[in-house]
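Pasting the structures here.
Two complexes, one shared chain (chain A), two partners (chain B, chain C).
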Partner chain A sequence: METSDVIQLALIGISQGCGYALVAIGFVFIYRATEIINFAHGELMMLGAFMVLTFAQIWGLNFWLSACLGILSLGVFGYLLDAVVMRRIVGESQAIIFILTVAIALMLRSLAGIIWGWSPRSLDVPFMQDVQIGGIVLGMDRIAIILGTILLCALLYWFFSRTRTGLAIQASSQSQLAAYYSRIPVKRLISVVWAIAAMVAAVAGLMMAPVTQVDTGMSAFGIKAFAGAVVGGFGSIPGALLGCLLIGLAEPFLDFFFPAFKGVYAYIIMLVVLFIRPEGLIPQTFAKKV
Partner chain B sequence: MSALLDVRNVETFYGPIMAIAGVSLAVNAGQIVTVLGANGAGKSTLLKTISGAIDCRKGQVLFEDKEIQNRDPDVVAARGIGHVPEGRDVFPFMTVEENLLIGAYGRGDRDAVKRDFETVYQYFPDLKTKKHDRAGFLSGGQQQMLAIGRAFMGRPRLMLLDEPSLGLAPLLTQTIFQIIRRINGEQGVAVLLVEQNAHAALEVAEHGFIMEVGRIVMDAPSPELMASDDVKEFYLGQSSEGIRGERRWKKRKTWR
Partner chain C sequence: MQVIFRTSYDQDIDHLVDRGEKYRILAAIALALIAPLLVGSYLLSELAIFLVYILAGLGLMVLTGFSGQVSFGHAAFLGIGAYAHSIFLGYGIPFVVSLPMAGLLSGAIGAALGRAVSRMHGFYLAIATLAFAIVVETVIGEWEQVTGGHMGMQVPALSVFGLELGESWQQYYLILAVVIFFIWGVANLMRSPTGRAMVAVRDSEASARSLGLDTARTKILAFFISALITGVAGGLLAHLLFYLAPESFGVQDSLRLLLMIIVGGLGTITGAVFGAVFVTVLPNIIGVLKQILPDTVANAPGLEQLLFGAIIAGFIIFEPEGLYGRWRKLRLFFETYPYYKKSTFVRQKRYLKTERFR
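Now for the complex of A and B:
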């Protein structure tokens, strides 16, 4: 293996990790705000990709407009998912919540299959061409994922630490009752968190679409993102980013050198980390703000 | 004149268990009123029922002549009730300043908010020096100050204080109570104070209620309560001596 190959694999891995990270951030947002682990998050990502596909290729709208519409529609969907369904099970046992989110995941996947068909479709994005930098060939789509993730993380960091709504969301996740006493409409803000998480997932779906194709199997991506979040220490945003990058980065190399277990390395890494460091790489305790 | 807060025959349940069995009390504007009682008497539940954290099954809560029972707590808070919860409950990962800012959530008057920051720092100079520290790293007393400051930032007309002396050294308790009295006097905020520390509470309060197992068993102006034999014995820890000089452990409370 030459250096350029290593760099290429590493860049592919990082971009993959960024994709996982976008989904994992959503997991963590929802978990911190409501203590619900949303196993339907991969499905939200899939839905996002399908929505963009619908706007762009079935309705024939301009790509960027379709992207915005797709992301917004997922925001509305996430908001309603909480306001109509999830809000009702607050306070139920984890088992019930788990079953509900898995059921939603299955329903969304079947629904998507019925509406858009079960065979993979490709989404044409304007950032498809390959770039060559000193012997390394890299797809623009990969670079777009990395840049998009950095931008989005910066935006989210700004939102949660600088804006009033962001601070109020932080407050609600730290002490719900005290937030209520401070006039914060906690229920509505939790729905907003769902909307944000769904929109971030939609961005992930949109950006991974050129790499993975759009189909119902895309939702499996969510499980790997979940593994990344666990590796990082569930509930911590920097942990989720780190865990996902780690998994994304390790995958192509492990697949390359030991192809026997291709595709399951994310889970193997999760198991190993859980054995060595059950609290995750960056546990949630006093480590971080957002 | 009708009372600022008027609680009428409220009954609150935890599942099948009745925690408050028909409580009525009133707080006038600008007044400090205390509710005393032992653990489990239902004092905190009463405050939570007033601020909407728990729904009551019967009765009414009127604030400024409007019914507020069984509303969401954020709605009740917006009406002008600031609840300082038991155990402070500050936002641990946020700085002191951010905590206070959250206290002013939902207020549009930015200049007034800025002035209120100064007011809070003037009451609690400790908070000013720690304003960029995380609330979780503050001492218990400072957290209590922060919790009071946070509620004050909402500019309430009534503050509900749930055991502000809990776990604090006597000297610190005194400081906190002095500031409660100052906030009441200087800002005209009425206070409903729930306490186990009967002595400190009766010193600042105008009127007192005594709660036992979900009922109000006594209610009188503070000086009168302080003079009452039952209160002295059971809440102030003073004992009257029997004829043979021994404590009458088995003396019955007159309200039973």
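Now for the complex of A and C:
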């Protein structure tokens, strides 16, 4: 194995990890705000990619315009998903809500299959060509994922630490009751969090579209992102980024050297980490003091 | 309305105090016993699969319903039981030894998993068990010398004490006997100190520990019993499938088991039975729905999954207590006839419940 191969695999790994991270951020936002684990997040990502595909190739709009429209439409979808469905079962046990999101995931996947067909489609993006740096061929789409993730993380950091809405969301995720007493519209903000998470997932779908093709199988990506978030310690954003990068980076190398278990290394890594540290790398739950 | 007077101290731990309940269960058992006279051999083998689902659901109920440990990977134990049983039979071990051995092996693996995950809780546990199931499925697929890999594996014929049980009614009675034995066993378990310890761990780990219970041991025991029952169900299922492939024990099947006990009603044995009824009847409901819908929609691939998801979602939103909860409401409605009021069953929602502290 030569250096250029190592760099190639590392780049693939990091970009894959960034893709996982974009989805995982959505999981973590929703979890922090509502303690709901949204198993349907991979499906939201898939839906985002399909929406962009619809605008760009069926309606024939400009790529950037259709990307914006696709992301916005997912935002609306996420808002409605919370306002119409998830709000009804606040206060149920976590396992039951988890099952509900699994059911929603099933529905979204088969709905997408019925509407857009089950065979993969390719989405033409302006960042497809390869670039050559010092004799190593790098895919522009891979670099775009990494840059996009960094940009989006910076944007979200700014939103949550500087704007009024972002601070209000942070407050309501720390204590809904206290936030409610301070005249923060908790219900609406939770729906806004769902919208933001869905929009981030749509961006992830858009970024990963050139790499994975647009099809219903994209939702499996969501489960691996989930594994990444668990490795990092669910509920912590730096943890999720760390865990996803770890999984993304380790996967191509393990697949390359030990192809027997190709495709399940994300889960094996997660199991190993959970056995050693049951709460993930950066723990977020604490034992109750009675 | 029936008023139950306590006439002895043993009544507190009786299985069935309510007389109506007693008659209903006797009637159900009688119906199960005469079923081979009433239905043809195809329906009978469907009934046998239904019984196996009850058993598998019962196994998961011990873990998730009674001990509160959510498992997203229970089909793995079904698979371990099925493969272990077939492999043991292949070595010439008789059925009556092989089935308990398969169950014990599955239980031992379950206990090992339980030991490893006993510090986890909530969805960390769910995800760890999900990953465990994915890994088990992959291992079964890759370990070709023993399991036949993705090519599949033939299940040896079913014979007990040298008696070939080829007819479907013979297999049906065998499975019925095993299922009734385990239902009775679990009912007994749940009124024993061990079972009560499990319920205590489910309801509050902190208070269970403060009462002096060894929570880790209780959880491992729950994993052991649950995996054992599910492994035995897998061994029985192997005979009904004739041919084993790793795909039969995938994540989809784990999900179906979990949906089964949630739709049936968590935390009751009756719930496992109701859930199995639901899962068996569901394809027929979907078939009827497909006839109502216009042709272009009805023939779209993937519609079954959509309706499956929609029915589950509908259940969780409108009846989170499951079919058993609906049944309780119906029963009370008739028992107290003009005095039934809806607010009896309004659940107290705890909006501030948090899982960040355990």
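In this text, the second predicted complex is superposed on the first by the 284 of 290 C-alpha atoms of A that agree within 3 Å, B and C clash if a C-alpha of one lies under 4 Å from a C-alpha of the other, contacts with A are read in each partner's own complex, and residues count from 1 in each chain.
By our rule, contacts are C-beta pairs under 8 Å (C-beta built on N, C-alpha and C of every residue); 3 or more make two chains touch, one makes a residue touch a chain.
Nothing here was measured: the structure is a model prediction, and the numbers come from that model.
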Task: Overlay done on chain A, so just call it for chain B and chain C: clash or fit.
output: fit
Task: Using the superposition on chain A described above, determine whether A:76 touches chain B (first), chain C (second), both, or neither.
output: neither
Task: Please indicate which partner A:111 is in contact with in the superposed arrangement: first for chain B, second for chain C, both, or neither.
output: second
- prompt: Which holds for A:151: it touches chain B only (first), chain C only (second), both, or neither?
  reply: neither
- prompt: Does the superposition put A:98 against chain B (first), chain C (second), both, or neither?
  reply: second
Statement: Here the angle between the directions from the C-alpha centre of chain A to those of chain B and chain C, rounded in steps of 10 degrees, is 80
- request: Could you tell me if A:230 is touching chain B, chain C, both of them or neither one (first, second, both, neither)?
  value: second
Message: Contacts for A:270 in the overlay, against chain B (first) and chain C (second): which applies, first, second, both or neither?
response: second
Query: With the two structures laid over each other on chain A, which partner does A:131 touch: chain B (first), chain C (second), both, or neither?
result: neither
- prompt: Who touches more of chain A, chain B or chain C?
  reply: C
Query: Once the shared chain is lined up, is A:177 touching chain B (first), chain C (second), both, or neither of them?
result: both
Message: Quick check on the superposed model: minimum Cα to Cα separation from chain B to chain C, whole Å please.
response: 6
Field: Touching both chain B and chain C, residues of chain A
entry: 177, 286, 288
- prompt: Which residues of chain C touch chain A in their complex?
  reply: 64, 70, 116-117, 119-124, 126-128, 130-132, 134-135, 138, 142, 206-207, 210, 255, 258-259, 262, 300-306, 308-310, 312-313, 316-317, 320, 349-358
Task: Name, in rising order, each residue of chain B that touches chain A in their complex.
output: 51-53, 72-74, 77-78, 82-83, 85, 89-94, 98, 101-103, 105-106, 134, 136, 150-151, 154
Message: So in the complex, the part of chain A that touches chain B is made up of which residues?
response: 164, 167-168, 170-171, 174-175, 177-187, 286, 288-289
Chain C partner contacts - residues on chain A that touch it in the complex: 35, 37, 85, 88-92, 94-100, 102-107, 109-111, 113-114, 118, 176-177, 226-227, 230, 234-235, 260-261, 264, 267-268, 270-271, 274-275, 278-280, 284-288, 290
